[in-house]
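The letters A, B, C and D name the chains in turn, as written, and every chain counts its residues from 1.
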């Protein structure tokens, strides 16, 4: 594919259908902004549709994005089919790709939620650097698919250590996916969370349920209530 | 009634009147989403109009619902007059039904409010598993109908234990309604709350007043201020 | 004035001018709802324009009010020039009236802000039942007119005790106005606050500044930071 | 320039381009209001475009501003090219000017964020009056340009003491700019923060990233988690 074509292919992101990935990413990110998940250009979102990956760019105000700001990557060749001029691809791209390729995800969301960050700090202090986040018997846990062979009462979310560059998280994210084959999310210490799902609906609602649980868990700690 | 008719009967949910139950449930759930009450498909709402019960479906993003997503049940036969294809009936249905049949409610709201969940955890730790939530002398208590023969200074909300399946809460919810014949709400430990009222206006404003009180109560605990 | 005329006089509340009091009260209350000040029909707002007092009704969802829901009272006769059928006058009316008659206010706002309620509880525990809320050297204090002869570094807001019926607060509110002739606000223990100003702009911004300070003060207590 | 022209020059603020500074300031301030940064007329915003400085007025409800409310100052002469009648220039003007003249900023934002105020109080108690706010190894720190020769792991924001009059902060703000030549922000004790950036996008997203970090830092203190 000639480099010149990278900057055209606008038809890939132009659609009057509100469920087109380029439109959905913009709508989701406006919602995520009001939830405090993508403050100050942080976080990101990607959707897979057939062999096209639609990815929000790096360093933009997420609540102001337009469909024409989207990058489009071919799933198989990992080459960009569309690169908006003057924008940089997201450093989250290899992490989103792991969710699509290793888990068959249809959507992957990365947030800088403060509740997620605080949960990783509390786990580190109380259970050490290699511990998962674990909580039991909260109804909202049912909003996240349960592990095979478990009764769904306990939620476990693995935590990986942060790195200086976002793309350097890929290896440990993939290792966490191997070690926790049923998880739909990986926390990143002092950083945030990656959540994926079979489709946009599931990724978004699982991300909400997890954030609800992290917020509840932080409030429980303030009140001296145990997680398990 | 023939099964085929379950999926038609669209006229039951099509109305240009904003006060039609199918429209009201959508509007209420959009508001409840911003209040954090129905995060991640959690919670639900049902309205009774004459012999029709309008019920939000299970597992949908509550802020995105459309009137055509509503289930309609006949109050007497408990059969569905309308079943949207591809959607599942809410597991809250028997609990909503208890409010309609045992209390003559016109509307019942179920939220996963974190303040309600935290209140149930604080009550359990301090007063034991069989205790009610109780608080005194807060002006907002006047937003909830007072118990017969009481001066309205003290609010009591019974708490039932959570179950693995939502529908299994029905028995204990009905028992709490028997034991507390004046209550308009039942808390569910580690889960949320069911609130009902004579009509939509009352159910919604009583739910707001209760949530205000639970939030205040949690903040009071953080500050070491007693509830009674 | 004949009773029949109470329910007409619709021209008093119909205006295409967004600054007309009947329109302003609706707009303000929608904003106050999102701030958590008028949850569950709580709180209220009144504006004086010449000899007409425009007053939000009792027991309505404040974010849904329409201009036609407004009561209009004559300042001199204290008789209603307009009474919307099926609505009850606000129990706050005599308290709003005190701000108009004793202080020459142009607008008076009553909120159930949780920060105001928590501030009254913290003052009671630490300084006793007759103490004012006092805080020093916070920039936002400049948003509230300073007391004559003071340098504006310290904010004092008197607190009155709550009563079973809202209208029974009138006497102690008026007494607080006498004792603190420079105050633009009176806190009500376990209940909320009344704030007034020379006009709508001032009442609204002073109410915001005070609420900011109460929230900050509560957070300071959680962190062990002294108010003075 | 004749004084009469101060009040005309409306063409300087009339534009259908949403990126015109007079339009941008209004849009930003509406957003800042919902973030709690400009409550009760507090805070302010200024944008430089070529030799024109556009400045929000003093004492107005920031979420209700219109482009015609903007002051326009000539960068070189520091004279007003446009003065809206009945409005007062912002007391922040000399502080905004310092960011434009000493740092080449394209936009400067002043907020009364409670998280910023609480951070200044916590630093004072724990590290003394002359200490900076310092925090380490939080991913969101990458949202703020790093100091030359540093690895970006640690964020330092200088704090200056508040003064009775806002304009009297200018000297110490300029001194902090000298002492911390790489900083894009200066905290003001018990007051708020000034944040600037090369353009509107950067000033706004840096301000968001800083506020996120102050909020996280305050929550960390409540949970007993160390900043460094």
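Note that a residue touches a chain if its C-beta (ideal position, glycine included) is under 8 Å from a C-beta of that chain, and two chains touch if they have at least 3 such contacts.
These numbers were taken from a predicted model, which means no experiment stands behind them.
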Path length in steps (a step moves to a chain that is touched) from chain A to chain D: 1
Copies chain C and chain D - rotation angle from C-alpha fit, nearest 5 degrees: 90
Far-end chain from chain C, centres as C-alpha averages: A
Copies chain B and chain A - interface residue numbers shared by over half, same or different: different
Euclidean distance of C-alpha centroids - chain A vs chain B, Å: 31
Inter-centroid spacing, chain C versus chain A (mean Cα positions, whole Å): 44
Multi-partner residues of chain D (at least 2 other chains): 222
Chains grouped in pairs wherever the two touch, ordered by label: A-B, A-D, B-C, C-D
Chain B-facing residues of chain A, complex: 137-140, 143, 151-152, 201, 204-209, 211-212, 215-216, 219-220, 222-223, 225
Residue numbers on chain D that touch chain C, as the complex places them: 36, 39-42, 61, 112, 114, 117-118, 121-122, 125, 162, 164, 188, 190-192, 218, 221-222
